[in-house]
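Shared between the two complexes below is chain A, which pairs with chain B and chain C, respectively.
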Partner chain A sequence: MRAFWVLFKKELMSLFLMPVAYVLGFVFLLVQGYTFWILVAALNNPGVQVEQSVMQLFFGGTFFFWILVILLASVITMRLFAEEKKSGTFDLLMSAPVRLIELVLAKYLAPLFFYGMLWLPTLCFVLVLDHSVSLDWGPVVTGYLGVFLLGALFHAVGLFASSLTQNQIISAVLCFGLCLLLFSLSFLEFFVIKPEWSAFFNSVNMMGHMDDFGKGILDSQIITYYLSLTALFLFFSLKVLKFQSQ
Partner chain B sequence: MIKQWNASFLLLVSFIIGTTLFLLINTVSSHFSIRSDFTQSKQYQLPESAVTALSQLKEPVTLTLFYHPTHPYYKKIRDLLKEIDLLKNENLKIHLIDPDRDRAKTELFEKKHQLAARNKLIIQSGPCLQQLSDSDFVEEKEKATFFKASSSILNAILSVTQLEGRKVYFVTGHGEKEIDDISERGIAALKIYFKKNNLMSEKWLLPSKKELPNDATLLAIVGPTKKFEEDEILLLKEYVASGGELFLFLDPLVNTGLESLLSEWDVYAANQVVVDPSTGSPQISAANLFVSNYTEHPAIQQMKGVVTLFVVARPFFDKEESDVWTVSPLAITTPNGWGEASVTSQVYQFDRGQDTKGPVVVAVAVESQDPVKGHVVIVGDSEFVTNSQLGNVGNQDFLTSNLRWLLAQQNWITLPPKRIQEVQLHLNKKEMTQIFWSSVVFLPFMSLCLGTFVWSRRRV
Partner chain C sequence: MIEVSNLVKNFNSFPALKGISFSVSKGEILGLLGPNGAGKTTTLKILTCLLPFTSGTVLIHGLSPQKDSLKIRKLVGVLSEGNPLYPELRVREFLKFRADLKQIPRRQIEDRIQTVLQQCQLKEVEQRIIGTLSKGFCQRVGLADALIHDPQILILDEPTIGLDPHQVRQLRQLIRDLAQNRTVIFSSHILSEVEALCSKVVILNQGEKIVEGVPQKIISQHSNHQIQMEVKASKEAIEFACSVLSNIKHVSVESHQDESWCRVDLEVEQGVDLREELFYLIHQKGWSLRELKTTSHSLEDIFVRLTEKEVAPA
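On to the complex of A and B.
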């Protein structure tokens, strides 16, 4: 466990000491802030009539949200193992007296923590809005939970992609592609006629999941889906790394 | 080499095991899922009474939604059906069909059940079937939109499963049309039609029983030709006053004694025949009314473009004397129609002073603000529901619309409709500027400052 904390801190420090991380933060907050302001401005227009609240639209209701979450996971995780392999420290790391699971968890949780820290300032948007209108905090909390679960899954995918290659660009592209594939399952629901298939694609519909989170609905089936898929990709990464270390 | 192959094989096996476990966990979780609503108003949660009623359902019921996913209410209804599905009652089966993409299934269903399924939720149990459409899901009230689908769906499910409890009593003893009469002028077809709508029909000989049934879902009086006694009129008055639903078909030029009762409900039934030469062809009498003008009253929904043929009708007028009852016109003639007083003449001609100028009302709905009181639909013709006329043009649609409205007033369970909240912000310019500066400028700028600080410290 001690080794885990050492590795976790090292990963976290390397992330927070990189100026690129702050540029990433700048772009993230700029796009999120702009999206939020556009949504508020749209809903402040008496001509616009929608049933969804600002926060419901903010959590998964826009194109910016999805592209940003997928891109962010790809960029943050691309260097995790790929960089170690490229610089030749991978074998050293594997021969160190550290359990593989601790290494994988430390490499996974540090960027996930960074992802959480990126989202944290967006709470200011909610507080500013709450200052002006009466806000239902239930959907806000579930919305953030959805954002976290989605991030957890995409980061696990990123870790897996990074474990497969020593090229950071390939890792990022692979992660982006896999996340996009998982996301695009959302649309397949509209292309099938058979009720069984329709029900299946509905259960993996990420846009639908985020819609539920944003509305204030927590469904154990959806939470299980995200947690189990995250665990599956972490398990895949673990096995791939074990295979590579042999 | 062999070691490498073994390692690859083990990797593949572990991938397969991991994936299988993932699928297994998700299959199990789909069967035991729990859904919680964290909104303040519990907007998406089924009320406790609905959960209890649906969980205790013993009969198999199928709910088939024929809505296109882009329909404005699709998502709301789908979410509600999902909530119902999560009750895990094996007797409840839910199917979502997109009528545009799955045309074959939709057409087959329509052919089998002889109905238009598009934009409808069909609820079936055995031979019983109920159709719900937009007007059953959403209600406009005081400039706000209310979602009342949970109440409508629940009552429809209960109505198809509890057939024995729903009865329509046809009052007899005053020359009314008979439900056993299969001749052209009988109303045996009406009995069959009611059965299709999950209503059992029974006759009620009022003059001999001297009381009204206490288990009536609906009371119908179809074309009486003899006068009602005073005590019978009093019984009918009390029946409606205590919440009973009444469907009244009164022919012109017949004094039934019910006119005084109608007068108490603020309806004046004129002793005239409605004439409208502009709607029919020259070959048929101007008294044969082809009505296609309907009001916006909920009792007359979805009749746009549908014509109802009233064989000979009497007009009704709102007396507007009391505040207790509200009289709403349902079907109206064109402005060229009128109420003809001199019915003995061969040619219908509008006589100023004698006749009543059109447009003339031929059907009205009577309701009260007092929720205890019942509802009445009065139609100025009983011929249009006879065996020979019920299937004519839109007569059945007219009947269906009114019947559904009357039945909707008698729900097993009343669930409060939920207000559809149109999320509108009312922020002033100052607040908008504050939001812009804090979200678009301040936070990203802070991140950039922090980055510059870290970069400068690392350089040092």
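On to the complex of A and C.
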């Protein structure tokens, strides 16, 4: 357990030493602020007829949300194993009494923590909104839970992509592609005629999931979907790393 | 104590190690030699639990890498090939991180950092960022990392690369001091260094062990003793005179350009010194002599001779 904490702290420190992390943070908050402003402005316009609330649209209802979350996961995770393998420090880490699972979890949770920290300042937007209108905090909490679960899955995909290659660019592109593929399952239900398949594609509809979270709906099936896919990608990463050291 | 017997490692169908065996005791320094692709790094990676092996037995202080990997990694200090480090960290930060990772009790970490900074002469650069250090300093940081947890076994892959001659001497002395109560294995291409430092040598070639033993014994076993002399006589006369002497395996006589002096190379039987006999023969024949000496092979000559046969032409 001590090895996990040491590696977690080291990984977090490396993230904060990366200039790209600050650029990402700046762009992320800028775009989120801009999105929030547009949403508030649009919904204040009496001519716009929308059934959803500002927070519902803020959590997954815009193009900006999806592109930011996928891009963030791809860029933050691209160096995790790719860089260690390229520079040879992966062997340096494994020459110490460290379990591979501890290394994988530390490498996974540190960027996820960073992702959580990036979302933290967006609470200011909610507080501003709460100051102006009476806000239902239930959907806000479930919305943030959805954001976290989505980030957890995309970061696990990124970790897996990084375990496959020594090249950070390939890792980022692979993660971006895989996340986009998972996201695109949201649209497949529109093309399916058979009702039994439609139910399946509905259950993997990420946009639908985020819409539910934004409404304050907590569905154990959806939570299980995200957690099990996350665990699957972490397991794949572990297997890939074990296979590579054969 | 490290015991390796019939160690086999296959990468898919390619056999990297074909059943090598050797042992190293406490207090010994083992030099692992071999041309590129001989299996040195594979062997070292297996000993440091970074690579599983196909078959055979490896016992490190009685522990098996397959079952007791974590315990072994606590016992072993490694300076890896290429010396990978984190260039963004300061020397002290890096050593603190490694000490923590190697699970040194927290109260002892500061003492251990001070000790290795002193041992590896890194005091002056402890606050410098590793990425800004020279190769020699980086090599010493890698060595400090290998020593930070005071390991019972030290595995050093090319430890003197990048060091200046003074640092090489200091490092040799440090390794000798450390080896008094530890087991040290190191690989190097600098054979004079291995000859000077190691109490035991294993030479690998194409995944097989071809020689194991004390360097001086290997030299005496594998080198043909040679005598060189320069004599003023005809080539034919010298060849005839030498042919009647016993204990000579091979004679080569070359005339100098002025043709009055000949250079003679004699390959003689193991442990035989013919210099006195040759001197009396030359004196008896009334020839002039201006050089008479024995020559012996270095470990490098033996290494090249034993491994060159196997190297395929490019």
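Throughout what follows, the second predicted complex is superposed on the first by the 246 of 246 C-alpha atoms of A that agree within 3 Å, B and C clash if a C-alpha of one lies under 4 Å from a C-alpha of the other, contacts with A are read in each partner's own complex, and residues count from 1 in each chain.
Operating definition for what follows: a contact is a pair of C-beta atoms (placed from the backbone, for glycine too) under 8 Å apart; a residue touches a chain by one contact, two chains touch by 3 or more.
All values derive from a computational prediction rather than experimental measurement.
Applying the document's definition of touch, where does A:98 land relative to chain B and chain C: first, second, both, or neither?
second
Is A:29 touching the first partner chain B, the second partner chain C, both, or neither of them?
In the superposition, A:29 contacts chain B only.
Taking the superposition on A as described, I'd like to know which of chain B and chain C A:12 touches: first, second, both or neither.
Touch status of A:12: no partner.
Looking at the overlay, does A:87 come into contact with chain B only (first), chain C only (second), both, or neither?
Second partner only, chain C.
Determine, for the superposed model, which of the two partners chain B and chain C contacts more residues of chain A.
Counted on chain A, the partner with more touching residues turns out to be B.
On the A-aligned overlay, A:117 touches which partner chain: chain B = first, chain C = second, or both, or neither?
So A:117 meets neither chain B nor chain C here.
So in the superposed three-chain picture, is A:170 touching just chain B, just chain C, both, or none of them (first/second/both/neither)?
Touch status of A:170: no partner.
Which holds for A:68: it touches chain B only (first), chain C only (second), both, or neither?
neither
Could you say whether A:240 touches chain B, chain C, both of them, or neither, answering first, second, both or neither?
first
Look at A:142 in the shared chain and tell me whether it touches chain B only, chain C only, both, or neither; answer first, second, both or neither.
First partner only.
Can you pull the chain A residues that chain B and chain C both touch?
17, 246
Which residues of chain C touch chain A in the complex?
45, 48-52, 70-71, 73-74, 76, 78, 80-82, 84-86, 88, 97-98, 100-103, 145
Would you mind writing out the residues of chain A in touch with chain C in their complex?
Its residues touching chain C are 2-3, 6-7, 10, 14, 17, 87-89, 91-99, 245-246.
Please output the residues of chain B touching chain A within their complex, sorted ascending.
3, 7-8, 10-11, 14-15, 18-19, 21-22, 25-26, 29-30, 32-41, 43-44, 69, 95-96, 98, 101-102, 105, 420-427, 431-432, 434-436, 438-441, 443-448, 450-452, 454-455, 458
Please give the residue numbers of chain A that touch chain B in the complex, ascending.
16-17, 19, 21-23, 25-30, 32-34, 36-37, 40-41, 43-44, 46, 48-54, 121-122, 124-125, 128-129, 132-133, 136, 138-139, 141-142, 190, 193, 195, 198, 203, 215-221, 224-225, 228-229, 231-232, 235-236, 239-240, 243, 246
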